[in-house]
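By written order: A, B, C and D. Residues from 1 in each chain.
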């Protein structure tokens, strides 16, 4: 039972899908060791993440073909997705999320390789470069949105990353840019969305007198802070917290939430279903 | 050191307030055993909750007078507020918050006495009455807001409660009604405000695909769901949760958050500062 | 797709179990709508909870027989376990867990029917009886363990409950008693086990100066506080908490944890695997 | 009001301490802006942390002398403790806590300066040195405890750190060593103490089948894992977690708890009272 295979399925829901998948796998002499499935009834979509083991390595192309034949037309099937993703990190000035990512990259526990860091300020260059990772300073100043994004895309073109991680990148990306990385841009927002969408969430949290603050990791879509949520967390605050204290407390959970979301995405545990996520933890 | 005294102070901030209070207390042979103070710099307000002990019981009126003289004009000072509050509970159809309150009332651990329950449905009568607490069914149907609230006020007039607890009371109260119970109406809202203000927060949470849901206890002001927040809590959810599952999970924290807020208010630990609370836990 | 069927499986692990189960269900024209499975590799046990739907109601006996034939010998299969369990609650003097259970019973949201309450003190009689539930006072005083338990068993004999809930029952049950209700007695312990097993956990938590306290719901086995854990939770405390304050804060989570555990058990989501539980939330 | 002064007091409890302190401060034209105090009744100790502001900078020596005169004999008073502490970090092979500390050091948000890292393995040298911090490899192999500790002490002698942080340092220090850094060694233990003291807490948590795991930051005393607890946190786990998964999940909270504890200690918010801490958050 040495050969392990991971299969991801997303398709229109229908009767007997689990049975059909199990049948194909049994015919290929593969044993299901762990299976997670979910039906989004609103979207009429079926999702499954299946870990298998077999004595022999399967013919991946044949397996893929047979699963696609067995499943409803248009099924999205992945057999053994690339285990180590390639990511580019976009930053502005704040270091806490980047620090966590680069440290994990250094010790090879990120589940991904950081190919480059792009900053619209030059502030995090020294920190990034000490990890021997290329830092590209692409300022938004004196450029319009189109020019700014063209520069970023040109730089990304050198690396062809699987995912972009916005690790406190404080610029809004255009619908055109986002469309090019559909379901592949992950952002960390410093509030428990949908509360405090947009700018200055900690200031607004302070002014509203909330007793907890939060952070949200989500895929970026064309609607600001409205994309599918991957992970969220909150932490208590009280009247003693100034805006600055909230920022400090918030950084801790921003880091934790983004880290959790990246783990889940890089392990192929996150599916997008309409404007929500299905997360097989 | 047998005589314990509790002193609450709210006043304009000024230099030396702690020293002035300590001076008055020392002159009355009272020892400070626990003191909490806070300065809201935005509102320029000083808040203190002081527990003292003395060999003799103090002359409360004299103490109050001396504190008021020592403090800035307009200071709001309370010496030994009534330890056991009197509350009326307003409900609609949901039982979970009421159940918790009446059980604590029964075993005398609520920190308050429930004088009556008022429902705009008759649904919770049997449950309430088995605790030997009067239940008043005041329907909103066929009445305009003014008539409906007049009926409630007439009923409340029999009891003169210190606080009204809206334990899942699904009607909006008019500014006039609220003004009559300023900082004395406590509501439980079934979301982590300011997310999902207004109606159907669980449905909207489901549709947004959040990964946590919450509850908020707050004082009621004339702006719907915008009053000073006393306590908040969240609990994780995931893609498996239907709206109904969220409602069930949410009831657990609604109950816990309302209970916590009531404890804090009934123990005189909550001050209102502008649109926020200062909570000396 | 009107007929819903719930199937629970526990058996020795083997190759192809999911496929075999799916095959049987497909042959019976049943569609898997939600499936959870887990393999405990240490115990070499397979666990599954399968929700199906079909146009016709299945022949439950035939389905059971076919599943047992398809699965390894000794497989434990349940088709459509009784949805509404019958429970007896054992108490001593503390009311908070009982209050929660009886309130849910009253409003039929417990997922079970409380057939009786047994107290080794008479303290909770009035509270129980106002819910029209029989209360049996069985004192342990002046009786040895055997006599005391014989009296309890005699009373239970009238009701034949599926589960016993120890809702702050402060007596230790003998191995003989426990053996008669294997995996059917649920206890709430007022600490995050394995910390503070045995008596006076809050006092010991206070003396140790912990910064969080907890509660644990578990199945009762012959080893005190060592049975399979179903649910656990913690809540923060600090130096201001006296033992009494910890007790008050602890009651809140005891209630929440026990409630959560009962929900899970009554919905047939909990399997026992050696000294652990598998919980399909 | 430009000159801010921080005062820390620990002394035998007595009548009128707050009044006496307030009197001294008022005489020095200093206004109390925030005050936290606590009386540990078991230990008969009084603790206070007082933030003051004044138009002129106080004569610190005079202020100290007057406070000591006003307070019970043996009072421990600190006026304006050094705001930026100097710390040495001791490690073995795990990087996650060290990574967090060095990143904060780099961006000057640790509230302390890391003067050196000492490892009993050489594993973390490259990571440490890229932050331009000296790394000392002091192996315990082939040395007895006394020799090993003598080498550490000699290295520490070059730096004279205020605190030692054991950031996953997997060796036990002798009572003699600990005595030399009384209340100045902070350890992170990978369980919610007192559960799973000693070695392999995650393995034991896995075997016990707990539903949450935790981490504890504490001062090191001569009793292993028994020192005063500064901060604790837990995170949920379930039957799907292998020991390795628990280790991964645990690292996240270890890092968060140690970071929180260090913040509190470095901001002079933590007092030791017997075997507990008083933490003015």
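Operating definition for what follows: a contact is a pair of C-beta atoms (placed from the backbone, for glycine too) under 8 Å apart; a residue touches a chain by one contact, two chains touch by 3 or more.
Just so you know, these numbers come straight off a predicted model, no measurement behind them.
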Exercise for the section: Go through B-D and C-D and name the pair with more C-beta contacts between its chains. Expected result: C-D
Practice task
For copies chain A and chain B, work out whether under half or over half of the interface numbers are shared, and give different or same accordingly.
Solution key: same
Practice task
Please compute the C-alpha centroid of chain B, do the same for chain D, then give the distance between them in whole Å.
Solution key: 37
Exercise for the section: Indicate the whole-number Å distance between the mean C-alpha point of chain C and the mean C-alpha point of chain D. Expected result: 41
Problem - Residue numbers of chain C (touch at least two other chains) - result: 38, 240, 281
Problem - Residue numbers on chain A that touch chain B, as the complex places them - result: 38, 40, 192-196, 208-212, 214, 228-234, 238-240, 273, 275-279, 281
Fill in the blank from the handout: In the complex, chain B touches chain D at residues 15-19, 22-23, 25-26, 31-35, 37-39
Exercise for the section: Using the touch definition up top, name the residues of chain B that touch chain C in the complex. Expected result: 95-96, 99-100, 103, 106-107, 109, 127, 130-131, 240, 248, 252, 256, 259-260, 281
